[in-house]
Amino acid sequence: MIESIRFWAIIVLIAFGLFFTFVSAMGVLRLPDVYARAHTASQADTLGAGLALAAVALALGWQHATVYTVLLLFFVFITNPTAAHAIARSAAESGIDPWTKESEEEGETK
Amino acid sequence: MSQTDSYDDTYTESQVIMTTVKIIAPFTLTYGMFMSLHGADTPGGSFQGGAIIGVTVLMLAFAFGIEPTRQWLKNSFVVGLVTGGVTIFIATGLATMALGGNFLEYDAFSETFGIAHYWGMEAIEVGGVALIVAGVVITLFFATAAGFTPERRSRGTDSLDREVSDDD
Amino acid sequence: MIPSGVTVEEVFLGAAALFVVLAIMMFYRAVAGPTTQDRLLAVNVLGTNTVVILALLAAGLDEPWFLDIALIYALLNFLMAVAISKFTVERGGVL
Amino acid sequence: MAAERVLVPLSDTVTVRQTVGYAVQSGLERADELEVHLVVALPHEADLIEGQQETEAAKELLSKAANWVREDAGSGPITVETTLLGTDEYLFGPRDFASAFDDYAREHDIELVVLDPEYQPGATAQMLQSIERELDAVGLAYDEAPVERPARHERLVGDGTERFDRLFALFWISYGFYLILGDPTYWFDLVTGAAVAGIVSVSLAHITFTFPLDRIQSPIRTLRFGLYVPYLIWEIVKANLAISIVILRPSLPIDPTMTRLNARVRGGLPLLALANSITLTPGTLVVRGDDQRLIVHTLIPSAREDLFDGSLERAVRFVFHGREAAAIASPRERGDTEILGGDEQ
């Protein structure tokens, strides 16, 4: 019974993890400029990675390797937004203008 | 206030990046040393451990700027790291030879002192590989950063001084 | 209840394969992306995916030491993002 | 000859005493009569919780400094004025401080500012831009006091107070982490862990803890942070679903805008917590985070509304300053929000 619950919990976590990573990939491909892409890159991807890592931790159960997985989870959650911030900041520093609805109407694609 | 006004024209280190680095630096350093010390019995190996120790310093340098980091980590300390590593490496090797084995043949230790093969490996892993790798990573980085171009280096000193005083 | 014929290991390996497909999608942005920051972003996402793939493989193949590599990879990935985003800004004395 | 008037901004630094001394001495050399205006600029509004403590400290500093001036002047013809600045406004970076000093100088007909080279308004706030630059920008003449600066370049490693607390805290954090990684029952790990934790704490304690540790407050903050994490995860999941719908729709109904938010959090750690929370919540991305001015890129209008409602900001204030501090007006009500872009494009 417990095994069965654990199995399905793992399936659900992995499914959602894949879904959010897919959203992140779609976002990076579809969105119009670097700032907008950074949104999905940092957020949907972090959540996707987090869910997948949680599934791994659940599968490994009560053993030493789980500690590493949890550490990895925390590490990803702290560093990913910072990395996205660093990239967005560097884009702002190099003077890339953000895409807006108006700029699209003017036919300007950035 | 317009956008150009708020994006000030002096480059300052980002507080967000600095604080993240501040928080994760102790953990990565601990982890790097852990890997170096367990290099003999886990597949991670102390090469990676040394690399992580070096990377921790690089991370601080990226977040705070090179000059403050260079002042924090004296050059002599880094050189000491490398020479210490090489010394331990060679000393372990020669010790095995002195005991009648080949260079780095750890079995000589267990025959003479009755200690496990493991400890010779440990000495090489920690003393030799980890220290050398960490030292070389840091030295190469600072050397590359310092010798960017001679002209920029001299021009940069005064702005770097200001950077030191502006940053935390 | 657990469907017969499917083990947790197989689920992890299948998920890892799908993650690889998603990671490959990032190559488009890494090659096409008009600015350096776009490419950097794509590589960063690719790196996060790699970390997840390593973790999934660690569970799927029962090789716990893959997690060591994943942790180091995550660290280097973060360092790369910070480092390159600083180098792309051409200012006197940035570093 | 009219009396010479100088403005001396004070903050609690190691060189403040020397600065006051220099201001008096050099002033008396230039003119027969000297009027010294001592000001402390407060970085917080006086009615905020964390501001009250600072107000007390500032008053104490002012009365101490007034005594120093009288001491140094001896029987010289000298007048002392002490003022608290910024009690009714929220001063942000160095620019605000410089303009506050400028206003004061105009009001009192002061031509010269004697500046402490270590000047840092507020105990926890760190100035990113130099105040000298901003004083130049507003056109106020300043004279930097030539003080002996012990450990001028030690900024990276903090100010050296509470050394023991920092070492102690980092030692146990590092040791705990090491034992989690290793095996707490194996003697080799126990011994090497202690050695490693020693090295880590000595080399990094002053980098990690640049803020003063408080023996009572810091553990409480850690506990409150534990309460904050589930709330944050809930917010992340909620917003992620919202953004997934937007991205997967073929029409891609996005409306990206740059906004500015003046957040009422101060110092590195609260700022990091807020900035990373904002970035982790989909739809909002912090582009610049210097001092309190956050430049935030928002992707969809609903995320922008959430940001301006300031629920994350309240939560972060709850973590660092307690329950009372969390109950503040939302950024929208304070007028601390602004949508950038549009006309500049």
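Each chain gets a letter, A, B, C and D, in the order it is written, and its residues are counted from 1.
Just so we're on the same page, a residue touches a chain if its C-beta (ideal position, glycine included) is under 8 Å from a C-beta of that chain, and two chains touch if they have at least 3 such contacts.
On a predicted model such as this, the values are computed, not experimentally measured, just so you know.
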item	value
Which of A-D and B-C has more C-beta pairs touching across its chains	A-D
Between chain B and chain A, distance of the C-alpha-averaged centres to the nearest whole Å	30
Cα-centroid distance, chain B relative to chain C, in whole angstrom	25
For chain A paired with chain C, centre-to-centre distance based on mean C-alpha positions, whole Å	10
Overlap residues in chain A, where contacts from two or more other chains coincide	38, 46, 64, 68, 71, 75, 78-79, 82, 84-86, 88-89, 91-93
Chain C: positions in contact with at least two other chains	68, 71, 75, 78, 82, 86, 89, 91
Numbers and ranges of chain B residues touching at least 2 other chains	7, 11, 14, 16-17, 20, 23, 31
Chain-chain contacts as defined at top	A-B, A-C, A-D, B-C, B-D
Chain D to chain A touching residues, read off their complex	180-181, 183, 236-237, 239-240, 243-244, 247-248, 252, 254-258, 275-276, 279-289, 295, 297, 299, 341-342, 345
In the complex with chain C, residue positions of chain B that touch it	11, 17, 21, 28, 31, 35, 42-44, 48, 51-52, 55, 58-59, 61-63, 65-66, 145, 152, 155-156, 159-160, 163
Chain B partner contacts - residues on chain A that touch it in the complex	75, 78-79, 82, 85-86, 89, 92-93
Complex contacts: residues of chain B adjacent to chain A	7, 11, 14, 16-17, 20, 23-24
Residues on chain A engaged by chain C in the complex (per definition of touch)	3-4, 7, 10-11, 14, 17-18, 21-22, 24-25, 28-29, 34, 37-38, 41, 45-46, 48-49, 52-53, 55-56, 59-60, 63-65, 68-69, 71-72, 75-76, 79-80, 82-84, 86-91, 93-94, 96, 110
